[in-house]
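Data first, discussion second: the structure below is written as C-alpha cells.
Which chain is which? They are A, B, C, D and E, in the order written, and residues in each are numbered from 1.
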Amino acid sequence: MAEVRFVHVTKRFGDNTVIPELNLTVPDKEFVVLVGPSGCGKTTTLRLIAGLELVSSGDVLIGERKVNDVAPKDRDIAMVFQSYALYPHMTVWDNLAFGLKLRRLPRDEIRKRVEDVSEILGLDDLLGRRPKELSGGQRQRVAMGRAIVRRPSVFLFDEPLSNLDAKLRGEMRREIAKLHRKLSTTIVYVTHDQVEAMTLADRVVAMDRGRVQQVGAPLDLYKRPKNLFVAGFIGTPQMNFIDVEVSKGSASGSSGLVVHADGLDLDLGDRFDGPTGRRAVLGVRPSDVIVSGPEASGLAAEVEVREPMGAEVFLTLDSSCGALQARVDTHHGARVADRVRLVMSADKVHLFDVESGRSLDRAYDWKDAAPTEVGKES
Amino acid sequence: MAEVRFVHVTKRFGDNTVIPELNLTVPDKEFVVLVGPSGCGKTTTLRLIAGLELVSSGDVLIGERKVNDVAPKDRDIAMVFQSYALYPHMTVWDNLAFGLKLRRLPRDEIRKRVEDVSEILGLDDLLGRRPKELSGGQRQRVAMGRAIVRRPSVFLFDEPLSNLDAKLRGEMRREIAKLHRKLSTTIVYVTHDQVEAMTLADRVVAMDRGRVQQVGAPLDLYKRPKNLFVAGFIGTPQMNFIDVEVSKGSASGSSGLVVHADGLDLDLGDRFDGPTGRRAVLGVRPSDVIVSGPEASGLAAEVEVREPMGAEVFLTLDSSCGALQARVDTHHGARVADRVRLVMSADKVHLFDVESGRSLDRAYDWKDAAPTEVGKES
Amino acid sequence: QFTGAGSARSDSELVLWHSYFGLEQKALEKLVREYNALPGSMHVRLLQVSFDNLPQKITNAIPRGQGPDLFIFAHDRLGDWTGKRLIEPVGFWVDPSMARRFLSGTLDAFTAKGALYGLPLTYKSVALFYNKDLVPRPPRTTDELLAMGHRLTDRGKGRYGLVYQATNVYFHAPWLYGFGGRMLRRKGCGYAPDIVSNQAITALKFARRLAGPHGIVPPEVTGQLVTTLFRSGRAAMAISGPWFLSGLAGARHLHYGVAVLPIVSETGKPAAPLLSVEGIFMSSRCRHKQAAFVFMKYLTSRRSSAFRLSMARQLPVDRDVARRVVKRDPVLAAFVQQRKTARLTPSTPMMRVVWRPYSKALAAAIARGKSPRKALEEARWEVGRFLGSCLLAHEKGCQNRSAARTQP
Amino acid sequence: MMKRKLATRLLTHLFLMTFTLATLFPVLLVIRKSLTPGDSFRLSLNPIPTEVTSQHYKKVVTARDFDGHWLFGRQVLNSLVVAGLTTIFGVFLAATAAYAFSRFRFPGQKSGMAMFLVVQMFPGTLLLIPLYVILDKLGLLNSVAGLVLVYSTTAIPFCVWMLKGYFDTIPKELEEAARIDGASRMGLFWHVVLPLSRPAIAVTALFSFMTAWNEYILAETFLNDEAAYTLPVVLQHFVGDKSAQWGAFAAGAILVSIPVMALFYVLQRHLVSGLTAGGVKG
Amino acid sequence: MMKRKLATRLLTHLFLMTFTLATLFPVLLVIRKSLTPGDSFRLSLNPIPTEVTSQHYKKVVTARDFDGHWLFGRQVLNSLVVAGLTTIFGVFLAATAAYAFSRFRFPGQKSGMAMFLVVQMFPGTLLLIPLYVILDKLGLLNSVAGLVLVYSTTAIPFCVWMLKGYFDTIPKELEEAARIDGASRMGLFWHVVLPLSRPAIAVTALFSFMTAWNEYILAETFLNDEAAYTLPVVLQHFVGDKSAQWGAFAAGAILVSIPVMALFYVLQRHLVSGLTAGGVKG
C-alpha cells in the first residue's frame, strides 16, 4: 500500500550526527531488513519513519505524502519495539484493542479484529492475561498482534526476536514470514541475526555509521559484497581477509589480475578490475576455503583449532598469510596440528581496494559514485 | 582447583518447584555449558552455586566443602551476570578493583592484577570510563574482567553474550575459550546459543524443567541424543521427527529393526533395540536428509520453501510424513515446487520411544534408570 | 551544652523571660544592664520568647524546674497560673508606701484570692484615633460619632468614617460596658457568664449600626486593614491601642490625634475599653525569691518607669510619671485619660471561656445579620454547654472573697 | 549461614522495633491521654492508662450546636469536602506539572523545580498575610474554594517532586507505543502514564489529603462561619488560648486520624512496586 | 507538526508559568514587604515595591544581644549545627530503615510503613507536651541533642517513604554482584546502594535540613538559652500580640531561606536521574 522513501535525510542528536545522509527507498509491499553493527543508526532510521524522531534535514515520504511534520498516529504505521513495550496494566485483549479504541472503531469491529489476530497468532487463550504473566515468546506475539490488528500500511520491526531461545526464534521467524505473505504490506525489519536477514528479506540494507553500504537481495550481499564492510559483516563465520599484491597478467598468458601473498599466488582471471602493482585485500569465505591434504598444492597451513558444530566443523588455520577460518564437512579428516594445504577457487574469492574498501569486481561501476569514505572494517 | 557437586538438590520458590531433584558433578577445571529452554532453571542452578539462592533440600559442594550455609563471598566463586551488573557509579578500574579492595589486598597487588586483566581483555584504554560510556561488548569484557581479577576457583557465566551482535559475539567467544585455556579453572556457563555451547564446552548439560536430560561432550549430545527433548533442542535447524511403526527383522533377512511410515521404509540394522509392533519417533537432522532427483528411490516430497543462507540452503519439504526440513549445499539444484526424493541413511537417524521419549539406541541402557517422565517436546 | 539539661541556669543569677521586641526590648535591656552593674545586685539574664509561645512555654517549663525565675506578661492569665501554682505571691514584700506608687487599680490586676502575684509595668487599652485633617474635633458622644461618621463615609469610594475590628470582643467591649452590659457576673467566690441582657443586646445593636451594611465601618477587617485604611486617610477615625502608634510611624501626610472614647448617648456612660496590665511575675520555683523581688522593685521603680516611657513610649503605671505624661505628650495623655474609664480584663479563665462564643455572636449579628438576641442566646448556650462538661478546677476551690475586687 | 541469618534478622527486628517505638512513643502518650479522665497531661512515660474512660470521646462525638444540629457530623463533612477537593485538585495539577517536568525540556525546568522547594520553606506565619490578601482580592475568603486553593498550592510542591521522580522511571517506549497507537499527549497521559503511576498517585493523594485534613491555622483564619469549620479547627478550640481540655483534644485528634488511616488502608493496595513489570523486556 | 509543536510548547509554558506564579505569589509579596519601609503589610497585589529600603535587612543582620555579642552570626551557626546534625542523623537512620523496608521481608513491614504515615498526621500542638515530657525524662531538654532527636524523628517518616521508593528501583543484581565480590550487608549498602541513591539522598537531606531549619515552636519550647536559639525562633520574636515588625520579619524570612537555597544549588547536581544507567543491560 505504501512505499517509504528517505530523501537526503540527516539526523543529528545535539552535536552527534547519527545519520549523515540517507537516501533509501523501501518499495511497496516489500520486506526490507536493515542490518549493521550496534549503534549504526538502525533504530534511529525506524524511528524516523515512525515519527518518534524528527529529521534534522531532508524528507521522509510514506506513499506519496511527505510526513516530516505528521504525528506518529497519523502516519498509518505500526511498530514492534525491541523491548515489546506492552502496556503492563492492560490485559492482552486491551493491549490489542487499545489502538482501535483510540481510533473509535465500532465495538463489533474491534472484537472481530482482535479475535482474528489472536487466532492468527495463537493468543486466544491468553487474552485475559497481563503482560507479566506471559513468557517471552508470548509477549513477542502480543507485540506483533498489537501492530497487525491496526492494519497499517507499513510495519516497523526492531529486533523483535532477540532474547528468545533458538527454538522459539525459529518458530517466530516462520510466523513472521507467513504474516508477510498473508498481509503483503511494506515491512522494515531490523535484526542482528543473519539467519533472519537471509530468510525473511526481499531486500537487505547494510548500514554502517549511518550510511547505507549496500542494498540488495540477501544472496547478493553474501555473494557480491560491494565493499569490505559488507563482506565482513554478512556471513558467519566472518570472511577471511588476506593482504595481497596485485599484478597484471601472468606468465601463463591470462589477461586478468594475479594476486600474490606470502605462499599464495592466485590468478583471478578477468572478474576484477583495478590498478596493478598496488596492495589489495583478498576476501574468501570460510566455506570457500578447501582444506586438502599436505600433498596438494596451495597455501600451506597448520590446523590450530577444530570446532565441531554437529553438521559441520570450523577450523582455525595458521598460514603464512595469517590466521584463516575454514568451514568443512563434519566428516573432514583434518585434526589439530595437521599440516594441510588451502585451495581457493578464483571464482569464489573477492577483491577489495585497500584504501576505499570498494570491491574491485567488474560488476560494480564506481565511476559516478560519490567518494564516500568507507572503512576497511566496521 | 574445585569441582562443583549437586547432591539431591531441590529448589522451590514458594509452591513452585523449580528444580525437583538435581544430581550433577562439574569436574575440576572443566568448562561445562548448561543449555535448556527459557525458564528451565539454568539461572537458578548458577545462583545455587553462587549462594544467591539457598537450596530447599540437598547439598551443594564446592571442592570437598559443603557450602549450603556459606555466604557468597566465602565460596571462592565469581559470577558474570546475564545483565552484566556493573557498578554504574564506578570507573572500569574501580569495578575491577572493588572485589580486591574488599578483600584488603595490598595496593600494589591490586594494581598489578587489574593491569594484567585489563591487558588480557584489552581494557587498558577504558579504565577511566564509567559503564554507561561503554559499548555492549566493552561492558561484557569488564564484567568478565571483574570475575577474572579475583582468581576464583569457579567461574559462573550467565548468558554473557546474548544481546551482542554476531561479529562481536564471535570475538568474545574466542576470548572466553582462550581464557579458559589460560586460567584452567572450573567454568559453569549458561547459554541459549548453540554455537557457543558446541565450541566452548568440554561438557554440555541439557536441562528441561529443572531436570538434567543429558550430560556429555557437545558432539555426543548432537550425535546421540538420549531422548526426544535433547534431540529437538540441540542443533539448528531442529531435527525432523517422523511418527513410524516399528517391526522386527524384514524380508531382506536383516536381524535388526525396520521402521515404516507412509511412503517410507527404513531398515535400521541392529543399532536400535525396542519392542516391535509399536509406534516410535524417527529423528533425522536436516543435514542428514539427502535430497535427490525424482528418479532416485526414497520418500517422495515437494520443495515448499527454499531459503538460501549463503553457504547453504534450507529447504522445507512437503512429504507424506509431514513437513520436513533439509539443509543442502548452496549449489544444490532443488527449486521451489520441484518434486524430489528424500534419502536417509540408516546410520544417521535416531529412534525414540513414543511414550517415554527415550532413545532406543543400544548404547543407552535404560534398565536402571529411574522412570523420569520426559516430554516428547519441551 | 550539646546534651545536659538546665545548663542554661547558673545558680547565682536570675533568669527573666519576656516577649518584648523593638524599642520595648531595648529599654528593658538597658535597664537590666544598669541593674547588673549595680553593686551587690544578683545578675539578671534575659530570654526573649515569642509572644504566642510564652504562656505555653511557662506552663510546660515551670513544673519541671526548667522555667525562669521571673517573667513579664499581661495579667489576664493570672487565674490559670495561680490555679496551677506556677507563680509566687509577692504581697509579703510590698509595703503600703510602695503600693501607693502605682496608679489606682493597676495592682488589683495582679491580685487573686486575696494575694498579690506580680507588679505592674505598663498597661494597654484602646482609645479613639482621629485624622486631624478630616476630624477637627473628636466626637464626644456616640451620636456625634455616628453623625460625623456618616458624613465621612462613602462606601463606593472605599472611604469610611471609622475603622475597628467590630467582630472582636476586645474592640466591642467598650460599647458593651458603655451600655451597661457585662460578660461575667460574680457567683459565690467565682464567676458565672452573664451574656444575654438587654444592655448587651442594645450594645450589639449599636455595633450593628456602626459596622452593619449601612454603617460607617468597613466589614470584617483585620488589624492590618485597620492600619492601612487609617494610615492612608481612607478612614477618618480608628479604635486601637498604643501599639497602633508604631504602625503609624513614618506616615508623612497623616496628622492624627488620640482622644478618649465617646460617651454613649443613650446611657450617658462613657464607652469603657478593656484594660490589660503588663507586669512582672515571680515563678513559684524561683530559687532566689528575695533577690528576685529586689529586681522586680527595681524594674517597677519610678526611675525605670520614666525611662521606659521615654525610650519605648510605654504608658507609665507610676503616679508621678503619669502626671508628667499628661502634660507633655498629648497622644499618651489620651491613653492615661482613657484608663480612668477602662475596665480591667477579668483574669479568670471564665473570661476565655466566654471569649470565642461571644466573638462568634458578634460576627453572626454584625456581618451576617442575625438578630442580636438570638446571637447572644446562642453564645450563652454554647458557654453553658462548655461549662456543663468541664468545671474549671480552680473555679471550684476558691476560699477568699477578696478576689471580688476585680470588677467584671 | 542459617544461624548468621537468624542473628541478622533478630538484630534487624530489634533495631526496627526500637526505632518504630521511638517514633510512635509520643503518639502512645496521646492515646493514653485520650483514655484517661481529667484534662491535664500526666508527666509519666508509661503509655498504659491507669484509669480508662470514654468520656472524652463521647464529648467530642456527641457535641450539638445551639440549634440542636449534630456538630461532629457536619464538621466531618466539611473536612471531607475540603480535603477531598484538595486531593483531587492538587493531585491533578501536580500530576500534569510533574509530567511536564519529567518529559519536556524547556527553559526554567530546573529552576522551576527548585522554586517549588523554596516555597515550601517559608514560615507559615509569614505567608498567612499574603495569602489572606490574595484570597481577599480574589473574593475567596470564607469559602471552601479559597481554602482548597491554598491547601492545593501548599501540597503541590511536594507532590510534584514525588510524581516527577516516579514518572522518570516509566519506560519511554510505552508512551511511544501509545503515540503510534494513536494516542494524543493527553490520551497517553491518561491511559498509560496515570494507570502506571498508581503507587505514586496514591502516596501523593494521601499526602494532599493529610495536608488539608489536619490543617487548622489557615482554616480558622480564612473561615468566618462556624458552620464551615473543619474538624481540626474545632479540635484546636479545646486547647489553644481559651482552655486546656487535653483529654478531649487527644480524643479528637485520634478520631481525626481515623479517616486518614482508613484512606491509607484503601490506598495501600495501590502502593505496590513493580507495576511496570512485563511491559518492556530487559 | 512543527507548528503544532510550537503551539503545544507555548501552551505548556503558559500553563506552567501561571501555575508557578500562583505558587510563588505569596513569596513575592513577602519579598516586597522586606524591601518596603515600615512595619505593616500593604494590601495590594502588586509585587513591585514602590519605595525600596534595606533597613529591615540591616536590622536583622546587625542585631546584638544583651551582652553586645553579634546575634545573627551565632544564630546562623546554631541553626546550621542543629539542621546539619538533624540531616546527618535523620538521613542515616532513614536510609538504613528504608533499606530494611525495601530489601527484607519481615512481619510488620507493611504496617511499619503505614505507622510512619500515621505519625506524620498528628497535630503538632498535641505532640508538643508528650515530647516535652519525654525530653525532660531523658534529660535532653535545652540541648541541641534533644532538638536534633525530635527533628529527626519528625523528618524520618517522610524520608523513609522517599528512600524506600528509590531503593526499590536499584537493580538487585548490583547488590548480588557486590555480595559475590565480597561485600558484607553493610559494605554493599555503603559502597553500592548509597552512591547509587544520590538523588534520593539529596532530596531527603534537603527535606531533613528544611524541617530543622525552619522549625521554631519546638525549638523555642525546648531551648532556654538565648545563645542556643536558632534563626527562626528569633524571627518569630518580631511578631507580638497586636503588632508586629513585618518588615524585619519578612527580611529575616528571606535571609533564613538563603542557606536552604544555597544547599539546594549544591545538591542539585546530584538530583539527576539515570544514575543506574549502564549498570545492567536491557
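Heads up, the rule we're going with is that a contact is a pair of C-beta atoms (placed from the backbone, for glycine too) under 8 Å apart; a residue touches a chain by one contact, two chains touch by 3 or more.
Note that the coordinates shown come from a computational prediction; the quantities given were computed from them, not determined experimentally.
*Asks:* Which chains lie in contact with each of subunit B and subunit D?
*Replies:* Looking at subunit D and subunit B together, the chains touching each of them are A, E.
*Asks:* Write out the two chains that share the greatest number of C-beta pairs in contact.
*Replies:* Contact tally peaks for the chain pair D-E.
*Asks:* Roughly how far is subunit B from subunit C, centre to centre by C-alpha average, rounded to an integer in Å?
*Replies:* Centre separation, subunit B to subunit C: 93 Å.
*Asks:* Quick check: how many Å separate the C-alpha centres of subunit C and subunit D?
*Replies:* The answer is 39 Å.
*Asks:* When the C-alpha atoms of subunit B and subunit E are each averaged to a single point, how far apart are the two points in Å?
*Replies:* So the centre of subunit B lies 56 Å away from the centre of subunit E.
*Asks:* Residues touching two or more other chains, restricted to subunit E: which are they?
*Replies:* 41, 43, 129, 136, 216, 236, 239, 280-282
*Asks:* Mind pulling the residue numbers of subunit C that touch at least two other chains?
*Replies:* As it turns out, subunit C has residues touching two or more other chains at 64, 224.
*Asks:* Find every residue in subunit A that makes contact with two or more other chains and list them.
*Replies:* Each of 51, 71, 83, 136, 163 in subunit A touches at least two other chains.
*Asks:* In the complex formed with subunit C, which residues of subunit D make contact?
*Replies:* 39, 43, 59, 63-66, 129, 132, 141, 224-226, 237, 241-243, 245
*Asks:* In the complex, go through subunit A and note every residue touching subunit D.
*Replies:* Checking each residue of subunit A against subunit D gives 50-52, 71-73, 77-79, 81, 83-89, 98-99, 102-103, 130-134, 136, 139, 146, 150, 163.
*Asks:* Can you name the residues of subunit C that touch subunit E in the complex?
*Replies:* Against subunit E, subunit C makes touches at 1-9, 15, 19, 21-22, 29, 32-33, 45-53, 56-57, 60-61, 64, 66, 68, 74, 223-225, 227-228, 231, 241, 243-244, 246-247, 249-250.
*Asks:* Name, in rising order, each residue of subunit E that touches subunit C in their complex.
*Replies:* Where subunit E meets subunit C, its residues are 37-43, 66, 128-129, 132, 136, 139-146, 216-217, 220-221, 224-226, 228, 233-234, 236-243, 245.
*Asks:* Mind pulling up the subunit E residues that touch subunit D in the complex?
*Replies:* Residues 8-9, 12-13, 15-16, 19-20, 22-27, 29-30, 41, 43-45, 93, 96-97, 100, 104, 106, 108, 110, 112, 114-123, 125-127, 129-131, 133-134, 136-137, 153, 156-157, 161-162, 165-166, 168-169, 185, 199-200, 203, 206, 210, 213-214, 216, 232, 235-236, 239, 246, 249-250, 253, 256-257, 260-261, 264-265, 268, 271, 273, 280-282 of subunit E touch subunit D in their complex.
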